[in-house]
Each structure stands twice: as structure tokens, then as C-alpha cells.
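When the chains are written out, they are named A, B, C, D and E in that same order, and each has its own residue count from 1.
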């Protein structure tokens, strides 16, 4: 097997703050293999974005501290890379798209300008050749009047259109890894489907790996090969999408799926998870889900580690530990 | 709870909403704010207790000790009728600081109410009020102040009134802008659905929520008002003799700047330091309370 | 067809002027609602679904009575002392950060009549308990709460004036699934207990299917399909409803993401399309679509439609 | 909104301002105790002489009539005659306005040329020593009494060092270049007179610095705030994710957008500078409108004061119009929506 | 500098108007006076001192009728305006008619009903309604400058607008440039009838800040710096190349005590105030000793002064006694001053302090000069400061103006003093042309008004001016403060 495109080991990130440090990421291990589409799912605040942004070095300098862990992209440790090298990497071999297509484009520059900038920065294409490349990328995103769109400003376009443009830009230099942070959350369902389809097709076609972040289990289930479920800055379960969602091994994953109204009987109450996510200023010592867990018991006071619960399927729960033991 | 008997005044309510611990945490992080705040406190202290710190009667003249150089007898020297400059600067601060607070309070209160009213009522009233404010803002303010001060007769209180009148539009704009924002918030929409009166909305929703930007503006304004008041005194439209006032002292002192530099230098420094301190503090408070608000 | 309706909307239009030339005349109008007829049944939940910008919130405002429709009529079949309350999507801005929780909860009461504080606090405590908040939180301020708790506060506030009808404008969209379930359960309990009528606005079909008795599907300021929710969502008649249902990702889907849709852009509501509003996005569009469509009753629902759809065999994916 | 619309709107507002400004200043002028006729007549004049002058100037008419007469004149471009100089006010202003404008523009240039880099540095290195330094400079700028700073720099650069002149626009022993634009620095260049240019430049340095120092603070603060705002926008993150270097992110992405809101501030600053020059001009004996209006107020020369006010207000509105148009030219968002 | 032919004068402010028939401001006269000639001029003594007597300038000879109402002047030939036109009787007639017709401030110096007629090519006759003792001297005023009749063609209203910024005179110099607010340039009038002036160019620079004027003077950029504060002059005197010249002057500084306003309407209160002021303290402290206390209204150096009249001196006991006689005074007394003269503020502050020793409550009001003058005229004040310098050398300037009840207010009687007897004396003195008789009349008057303490007669101050030491030939005339005899001056190398 080739090197993983992205490998995160024991990552810990904290944000100093008034009432203490916010321990956003508390030991995350994660890897993305070449050509793989990996999902990162979890509730709001579970540190999906922080994990991804740390990996690409996009967190605002000064606001955070990486207290532990290593990150390597395409086999290179990012800690050893200079800013120049990181810049070359970003937009070249690694690309990222974000949640808010409204604001992710520079409002005062035309689409063409913004696309050409990326293309010219990371390839040898210049002038008309670069322009042709941009048009080609847009066409791939099913944007028919691509030439005209290049002359438009972001505010003149719909959200779905903008997100497709951003995806097109992300693929401008055939990245090996694409990080997509909730790319469709702000879109309508009909548009969401189109964007997901295009993204999926393009990734498969170019063989790029994708780290796909979402809180929508259904989207994740359809989009990803393999998923990581996060809770309070930790990975609680990981494995192939169908396995994890079809046969969840961690009580949190299970409860989450049960809480979906999708299959619920309108006559009966929904299976809700009591309580709220823990405060990350003082993250629980033991299992982070302990306080809300039906199955919590004494062992949960110490922190469970990810253990195999099936082929390629791992969960961090003492319950599973006991079962498998 | 004894709550039912305690009447709650709005200022106390706003202050009670301030998380002092958080405020202190933020201020500590910003040495400039801290420095500004400390100097403000020192200035206020010196000025309030001027009689304690003064070495001379600020108005006692001594024609035989005119324009004496700084020394042990007169820390900052004396002026053209032999008054002790150090003592006069201490007392002079009272005028400057008092004008600052007066202007900010008067303009702040009137402006806030007018702005909130215009924003809430909307329609013609709003248009008329805002156009009027635009017109006032288009008039060169210094000239307006000078003319007003000249019309009212030169005295510090008249200068303060003139400055306050001219500064009202700024508060009207802020408070109206803020009112329009808040009016769009869904808690106001909610209040409308249960048929709350405009007065209720003003009292419970608008005013409490515009106070903090207004207060930020007010802190920032203190510095510039002190400056403006001294500028008016500089051109002779402010404090009257023998009352000590910094701007007036600089004005008189400039005639002596070549041989008796201290006469205008010390009061000038006093203005500079005080205004800087208030501005630093105001800046810091703005950053803390209202990080999004743009600098004007 | 109904016996007991609390509100009836007939032919509601809502236009907003936009832009202003130098004489203050608008450049044109945003047509947010374009002829809505709805009957709201007492004690039931009506779900309103549709894409962003289709006029759901505007409809809610008309129902609340905070906006007067430009055209059409709203009939209310309940006493003047009862009213319609609302719960908003964004728990952040729907609660005044400068009021303690007990004030927030009782605002609908004291905004209208003066009451002694003690009475208000008692009422607040009562309501807080109903929505599952502990009484000691009453003196705190909204920003000290999580999203789910804030939504509970908002619900308590809606209940305080003892309304007949509560409009819920995407009350769970900003919440996590685990919290959403808590709130949905709470809403169900309260309805059962008090016989409330809900108008539930959402773009999440599965939530609507779970919670609502009836569903109205909106497109560009019109209702395109309206009927019992199980029937409509199981066997949609209107091509738009079908598109919507097809687009929703489900955990059990097997076919992956399928083919890409061609036209996902909503037509402008500044210059309304001629004929059927959906025709540009409709796979079935044909000759008859050049004229405006009317609502036609079918067995289970009313459908704005669409000769083609009525006569075309249904093709709904699972 | 179209360009035309903005212009039309502003011109409507201009009429309103003209009306409002004249009403306000006329009212206040007439509240000021003092009789301009006396002023002209001189100390020892008899009441008959004073009355004679009063009639000449129409000061014996009721105020509303005086106002209407004035307005009538203004509409026809006649601002009346100055009581002090006995010359048409417009004529006087035509002489003094370019001097003030030259000073204001130079000060603005100074303020922006320094203020923008300082503001950018401050935002980029937020909370670093340079940020503190810039903020102190900026705050000191807006807190310095210009009239005092002026005295200090004169004392230093003229009195002690003798490097720069103490006041005036040009060395009076030099031939004034032919008046073309009224801007000495430009006129002297047009005339090819380098000595005059050098002298004009030397003369403007101190007053422009003094006047600009205040606005340096304003500009730096504004740019800093706008930069901070832009730097936390999502598109900056996109740019970084696309591999743009820090330098490019700051200068090609954030700065242009940060300048858009700053244009308003610069426009306001220019307006401010125009009448803020009043005190500075007095200190530096700068022969501009500021000194003219101060003397006029002191001398109860109401036509002159009103002329000044109207002209500056007009300039203010026109500057705002220019700002709006520039805004529209640089910000595509405004051009088409709404 | 370095240019021996250029003389630079530094003034504090720009002239307002250069029309002699309009300007009432000494500041303007610096420029206008050398541009024009008058029928008569002040004489200069052998040793170069300015005298208060007049000699002919444009007029070669003149006669007055016995009753002093008809004055006939014969014009000297050879005088010409800068455009070459001869200065003839018609020009004189025109100038005076223009002056009286415009009816602005300067016309006030001439007796009402005065008729001016060219009674020959080169002969002018003035007819007065009644005798006016100082008449001849008024003809040396700035307002009596002879204007080229050609200005009539320069626009409406006798060309006032044009003349406010241009010159049309026959003086030694003519105006060749005026950069507003910056400088004015005078160059010799090529057609001047007198001796060709030595200085080829005179520049008047406008430098508002006293400190800057002084620095320029020190640097040699300026030859004469006007209105420097007393304190600066002392420091300057010791600098190389600079000479501070002292001239006895007739300019006096005094306080108006508003006789119409309580408590100053009580003569004993006024006496108390007059005795409570430390005259010597002010002179030593504020003037650095450069002045003397006045002895009644008429200054030293002017004929008619009565040394026997009361002179108050600083004496708190007698002041208190006087106040007791008055029964005390509790009213707040306003004290007006302006920044026209930098000495006024210290005087005001000092006076306030002195009077507070009597328990009098004085409130200082610093006003714009124009506003202050307005208040003089309406009589809304208690005390105010003022300077007075004569337009011509006659006690008339210090008596008829100050005490005549017809001149209440700004016109001269600024203490609103009224005394029928005094009015009578004044009336007699003005129509008499007998100096001895007038001296006696004014002498009696002085005793009355000093006793009644109408004003507080503070001091008479020397005229001091700082000049580069290469400036030669400056003649100071006490009637012509701030006016320089450019035509007679020169620069040594």
C-alpha cells in the first residue's frame, strides 16, 4: 500500500481563552489513503473543522496551540515544512473547500480572476491556456456558459453555482487530497445533491482522495467509503461507512442513528440523547460520552482507546472492549 | 427573592450585565488599554483632589514672580501674572475633564433617544430627522461651534453646550443604525407578535441593546471632546480668566514660547496625555465590547 | 372538507418593493407570496416545506399578523385574547441577551398588561418546568445557554400567553440531531397536553413526515401540493414534490448519488415566470405549461397542476 | 443603483444642504451680539455714520428679508461683499480656497502614505509590538492638539534647527508663479520654476505634517480595523487554501477590499481637513480659508463666514459624491444589487 | 535679505482694505499712509524726531479766516499720482467729497457740514459751519489722503471695491503686489514729487505668530517686526544686529468705569477702585517698567496737562474708606477685555485681584474685539480696558472724546460719563482758537473728572519697536503709530 495521503497521529489542539484553554482536539488519529473518500462526522463543536484546518495549517496563527501529535501530508511531516513549501502544497497537491460559498470567494474580483490566479500559481499555464483550463474546469462542473461566468462577480451567482466553482478551483491543479468541510450544508437539498454528485464524480475520475466533513449521517453514508465519528474532540468510532452506520459499535453512534426522525414512527417519541456535549474547557477525564450514555459504568471513568471491533472497524468504548475481550 | 421590591434602573442593569472578570481578563491582555486606563485614573485622581496636590492658590497673582522658570518654588514655572502653573494645570484639568463628561453625557443622551426614536418610528419622521442630522454634519463643525460659542457668549459652559449640540448627530446615527439592526432581530419580531407597544420595545429591547455601542462611542468621544474644548479655549471661546484651562493656557503661553517654553509646553502635554489616555481606554473598551465595530 | 379550522388564508399575495430611484419610487417588487390558499386545522400540525427563498418565513409572518398581505385575506377563528405565537430558527437572535430568562419567558404577558413581578416569576417558573428547564436558571441570561436550551426558552415564551397556534419557523435547523430529537419530543408532548395547533416550517422532509399531520409544499411563493403528510410524502403528485423527495439523501439509499440534475437554479421572484412556475426545471414540461396552474383536488391531496403530472404515471423512487 | 441615480440623489441633497446650512449659519450669525456696521465704522464713529452703513448693507431690514436677499444672491453665485475686506466674498474665497485645498490634500497624502502601511502592519501583526507601536502613534495623533503641535514643530524646525520656514506658502522674496491651478507646487512646476517649487514644498511641510498627523491616526486606525475585518473573512481562508503567500494574501486580497470601506473615511478626512485647517492655518500663517474665517468670525464678518460655510459644506457634499462614485467604481457589489 | 534695496516689515495681520476713505484700522495704515499724500504732514525736528506740529505736504501755504471757519490752501506744484496725473485742486475736492459721501469711519474726524471746493486750479477752500480748533491737524489723518479722481471710473460707489486692493495716490510709494495673507509689495512712485526714495522695494510680510515674527527678525529675514510682546522685546534687545527703539508716545491705557451701571454709578465706588489699583505694580510687573502712570486723562507730552489734578495711587486704606462711604458694593462687576492687546489680559487679571482685596466681585469676560466694542456702545459692562492714541496732537482727543455726554459709548465717552459742567467746558474749548484759554478750560475739566474718577488712568507706555540695525532714518511720530516714513528711510550695508 502506498503512503497515506494524510496521516494524523495523536493530534491535540487547544485554544487559550478567558475561562481556560478550550481543548478542542483531544488525541485524534486519522488517515486518508490514496483514492479514498473518507468521512468525518460528528455534532457541532466536535472539532471536525479544527482537525482539518490544523492539518492544512490554516488556523489563524497565534490563536491556537498544537500541544501534541504529528501530521503528515503525502508522506511529509508538515511540522518540518517551510511556509513556502506549505503554500506550494496548498492549492497544488492539497485543496480545500468550505461550508459558506457566499463568502468563500473574494467579493470584488471576477470569477475568472480568482480562478486564473490559482491556475497560474500552481501550473505552467498562462494567459489563454490558463483561461481554457478554467473553462474546462467549469464545464466539468456542469457550468454551461463558462466563458460568461468567468466575467461575473460572486454575488451575481447562486449558492450552488458558487460552490461548484469552488470545487472546480479546488481541482484546478489535480490535487491528491481534497478536504471538503461541509460543502453542502448551506445549500438546498436539490442543489446539495447536484454538488455532491459532481464532487464525487470528479474525485473518482481524478483519483483524488477526499476528506469529507459533515454532520449529516445520510450524506456521509452515501458519499464516503470509510468514516470517522467524532465526539468532543475525539474519534469514537471508525470504519467502512456501511458497517459503522449499519452496525454501530459505539453507543454514541448508535444513539445518533436512533435519534434520526427518518425511520421513526410518528406515533412514538424519538429516541433522544439526554444532556448536552461536554464543556471542552474541562474535558472529561474518561469517556467523553459517559454522562449521556445509557450503558455508562465504572470503567468509563478512564479513557477508552480505539480498538478493533470488526474488520477495519474500530470503536473507543469499554463496552466493546469487554465484548471483544 | 426580594426582587419584587427592588426597582431596577437601566444603567445598573447594563453594568450588572458586564462580566467584570472577563473585562479584566481582556484589559490585562492589552497593555495599551491598561496603560490608558491607569493614566485616566491618575488624571481623574489628581484633578479631583487638586486642592490637595496644588502647591499654590491657582489664582493668586504675583507680578513680581512673572514667568518664572520651573524650579522648586514653582514646579512648572509661573505665567505672565505670576500664577503657579503646576497648580493651574491641576485645577485646569477639572475644566477639561468636566467638559468632556458633560458633552458626552448630554450629546449621548439626546442623540441616543432621538436616534432610537427615529429608527423605531421610521417613515417620514425618520427621514426628516436624519436629513437634518446630515445637514448639520455637512456644516463645518468647528465653524459651527465657534459661531455658536460666539453667539452664546464665551464661557466654558457655552462652549460645552456648543460642542454637545454639534456632536449629537454622531450619536443619533449610531443609535439609529443600531436600532435598525436590533429591530430586525427576531426577538423584536417576537415582541411584535405579542402586540407589544413601541414603548415596550424601546424600553426593553432597543435601549438596553444600543447602550453598549453608545457607551463605546462615548468613551472614544471623551478624548476628542477634551481636545475640542481646549481648541475652543485656545481661540478664546472657552474658559474665562482667571479660571485655569489647558487650552487657554497654551494660547496665552504661545506668546512666550521662545523664552518661556514651559508656559505652553506643560498644559499642552497635559492635554496630550489626557486625551491619549482616554482614547487608548476607549479604543480598548471598543475592542472588548464591540470588536466588530469599525473605527470611525 | 374540514370541520374545525383555526385560520383560513385565501389568495394571499405578498410583495416587497425593492430599490428606490431618486424620487423614492421602487424599482420593482419581490413577489414573495403569490396566491396562497390554506386552511389550518385545530389541534393539528401543518408542515410547510420548500427550498430556501420560497416564502416560508413570509408566510409565517402573515400568519402571525405582523405583516399585512398585499392581497388576500386571513381569517382567524379564535378569540381576540388568544393569539398566535412563534418560535424562530435562530436561537441566538430570537432571545434578547439583555433580559434575564424569567423576563424573556413572560414577555408576552407583561408587554401587554402590567403584572406584579412575583406573579410573573411564578409564571416563568411554571413554564420553565414545562419545557424542562430547572428553576434556578431563571435569573441567568440567554447567552449562558446552549442552543437546545435556548430553543426551550423560546418555546416557553411562546406558551406563556396561552396561544392557540404556534408557528415554528425551522425550530430545529440550527440544532444537532441529538438535541433536535429532544425538542421534537417536547413539541409533541406539549401539543398533546394543550391541544395546540402547530404550523411547522422546515426543509427537512423527514422531520415533517415524523411530526406533521398535513404538509404543504411551497415553490416560489405558491403551494404546489397540500395534503395529509403520509400520503403526500409517500406518493407525491407534483413533479416538484417528487424532485424534492428524490434529492433527499437517506441512510438506506443504495443507488449512490445518481445522475446530476441539470437545472437547480430557482427562477427569480422579481420577474415571475409566465405560465407554470416550475416549468423551467420540470422534466415533464410540455405545451400546457404555458398557462398559470390552479390547485386541483386529487384523492388524497390538492395539487397545483399540471395537466402533464396529473396524467403521467407516478414515478417515485423509494 | 446607477451612477446617474447617485449623482441625482446627491444633487438633491446638495440643495437641501445649501438651504439648511444657510439657515443655520444665518441664524447663528445673527445671534452673535455685535453689529457689523459698527465694525466698519470704526471706533469713534457717530451713530449717523453707523446708521448710514447699516442702510448701505441692508442690515436695517428685518432678518427674514435679509435672509431671502442673501439666498437670492447665493443662487446667482453672489455671496455678498465681505465686511472686513469690502471685496466680494467669492472673490476672497477664490484666492484662499486653493491654498487650503493644497494644504489639505498634502496633509491627506501624508496621512495616507504613512497611515495605510502602518494600519496594514498593525493588522497583520496584531497584538505584536509593532501593533502596539502603531496604535500608540495613531492614538497620539488623534489626541494631539494641532495648535500646540504646530507651535512645537515651528520651535524645533524653525527656531532651533532653522531647517524649515515658520509659515507662509512661499518665500516672499520669490516671484509668485503665474496662477493656473492656485496650487503653488503645481503652478511653480508648470512655470518650470524649480526654486519656487522647492520653496513651496519647504513651506508646506510643517503645516501638512501638523495637520496630517491627526489624520494619520484616523487613517491608520481605519485601515487597521478594515484589514482585521477582511483578514478574518472566509475568502482569505480560501486564498490561503489556494496556496497564496502571506504577502499576496495581504496585499492583493485583503488590502484592496479593506480600502473600500476606508474610502469613506478618507473622504470624510478630506472634508475634516478642509475645515480642520482653521487652527493650523492660524498657527502657520497659512494664507487659506481657515485664517480668513477665524478673522471673519472675530470681526463679525457674517457674509464671509457664511460664504466659507456654504463653500465648505458644498465641498463636503461633493467629496461625498465623489466617494460614492469611487465606491461604485471599485465595489462591484454596489453597482448592481438593490 | 542680502538685498540692500529691499526693506521687509513683518505685521501680524493682513490689511483689510486699502481705501483711505474706508479704513479705520492702524494695521491698514502701515500700508496706506505711504501710498498717499495729504495737504499737511507732521513735521520732523532737526535731530530727526517726529513733531506734533504740521507743515505743508501737498499744500504750500494756507490761511484761515479770523473766526476759523474758512480755510484756504494753495497747492504746491510738481506732485503727481502714480499714473502721472497732477495733484490739483480738483483731486483734493474729489477726495474729500468722496470721503464725506461714503460717510464711513474716517469721515468722522472732520466737522459735520464741512464744504470743500476747488477755488482755483491749485487752490482749495474748506468752509466749516463752526470753528473747529484742531481742524488743521485732522488734515494729516490717513483719511485725508488725496486720491486720484481716476478711481471714479473703476466701478460703482466711487471705486471702493477697486481701491480696497489697489493704490491711487501720490505718495512716495505705490502698491505693486498683494498676495493675500502673505505679503504686500510697495515700490517707488515714479512720478513722486518729493525726493526719490532710497529703498527700491518694501515688502510687508504677514506673520501672525509673534514668536515667528521675532525669529524672522533675529534671522535677518525681516527688518522691522511689529507688535511684539513686551517680554520678547527685552530678550531681543540683547541680540546682535537688532535694536529695540524706544519712543515716548501718547498712547495711553486706561480702564472704563461704566458710570451708568451699579455699583460704578456711585462716585465713591469709583474712587475706591481708583485707589485699589497698584499702578506701579502693573507698570513694573506687566510692563517691565516701560511706562509711567498717567496723571489724569491728558498724557505727558501733550499740551494742556494739569499736574494739579488728583492722581490716585495704590492705597488700600483710603480705598476701603471710600468704599465705606459708598456703603459697600455687592453687585458682580463685569470686566471686558479682548486679545487685541496682549497686555489687557494680565491687566484684567491683576485688577480682579486688586479689587477682590476690597471685597469687590469682578467677573472677567474675554470677548472678540468686535463684540467688546458692541458692548461699549450698548453700555452693557462694568469695567473694560482700552487703549487710546490721538489722531492729532490736541488735548481735544483726550477730553472731548472721553467726557462729552454726546459721545456716550463707542464714540469715545466709554465710561458713559455725564456732567453738564464738563460738557460746557468742552464746548467752549473746541470753538476757541486761543491755546491759553483752552489750557485753562481743559485744566478745570481735568480737576473735575479726576475727582469724579470717571476712568482709571493706568499708564502711558513708550512705543517700542524692534528693528534691524541697518535700518536708518526711521522717524517715529506719536500720531502715527505703526506707520513708517518709508520715503525717508534707507538701509545701510
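The rule is simple: a residue touches a chain if its C-beta (ideal position, glycine included) is under 8 Å from a C-beta of that chain, and two chains touch if they have at least 3 such contacts.
By chain, with names taken from UniProt: A, C = Peptide/nickel transport system ATP-binding protein; B, D = Peptide/nickel transport system permease protein.
For clarity, every value in this text was computed on a predicted model and none was experimentally measured.
Student: Removing subunit D only, and moving nothing else, give me the connected sets of chains.
Tutor: one piece
Student: What is the graph distance from subunit C to subunit E, where chains are linked when they touch?
Tutor: When the steps are counted carefully, the minimum from subunit C to subunit E is 2.
Student: Which chain's C-alpha centroid is most distant from that of subunit A?
Tutor: E
Student: Between A-B and D-E, which chain pair shares more contacting C-beta pairs?
Tutor: Higher contact count goes to D-E.
Student: List the centre-to-centre spacing of subunit A and subunit C in whole Å, with centres computed as mean CA coordinates.
Tutor: It comes to 31 Å between the two C-alpha centres.
Student: If you average the CA atoms of subunit C and of subunit D, how many Å lie between those two points?
Tutor: Roughly 55 Å, centre to centre.
Student: Counting in whole Å, what is the centre-to-centre distance of subunit B and subunit D, each centre being its mean C-alpha position?
Tutor: Measuring from centre to centre gives 24 Å for this pair.
Student: From the C-alpha centre of subunit B to that of subunit E, how far is it in Å?
Tutor: The separation of the two C-alpha centroids amounts to 46 Å.
Student: Please list all residues of subunit D that touch 2 or more other chains.
Tutor: Expected reply: 32-33, 127, 151, 155, 159, 282, 297.
Student: Please output the residue numbers of subunit B that touch at least 2 other chains, ranges allowed.
Tutor: 150, 153, 254, 257-258
Student: Identify all positions of subunit E at which a residue touches two or more other chains, and write them in rising order.
Tutor: 209, 211, 215, 368, 371
Student: Under the definition above, what is the set of subunit A residues touching subunit D in their complex?
Tutor: My answer: residues 56, 58, 60, 62, 83-84, 87-92, 95-98, 100, 103-108, 117-118, 121-122, 153, 155-156, 166, 169.
Student: Show me the residue ranges of subunit B that touch subunit E in the complex, using the header's touch definition.
Tutor: Contact set of subunit B toward subunit E: 59-61, 63-64, 66-67, 80-82, 150, 153-154, 236, 240-242, 252, 254-260.
Student: Can you name the residues of subunit A that touch subunit C in the complex?
Tutor: Residues 43-44, 142, 158, 160-161, 188-194, 196-198, 200-201, 215-219, 221-223, 245, 255-257, 259-262, 264, 266, 269-274, 276-277, 292 of subunit A touch subunit C in their complex.
Student: In their complex, what parts of subunit E are in touch with subunit B?
Tutor: Residues of subunit E touching subunit B: 209-211, 214-215, 229, 231-232, 235, 278, 281-282, 284-286, 339, 342, 345-346, 348-350, 352-353, 363-368, 371.
Student: For the complex, which residues does subunit E have touching subunit D?
Tutor: Touching subunit D: residues 3, 6, 8, 13-14, 16-17, 19, 22, 24-25, 103-109, 160-161, 164-165, 179-183, 203, 205-209, 211-212, 215-216, 219, 368-371, 373-375, 377, 401, 410-412 of subunit E.
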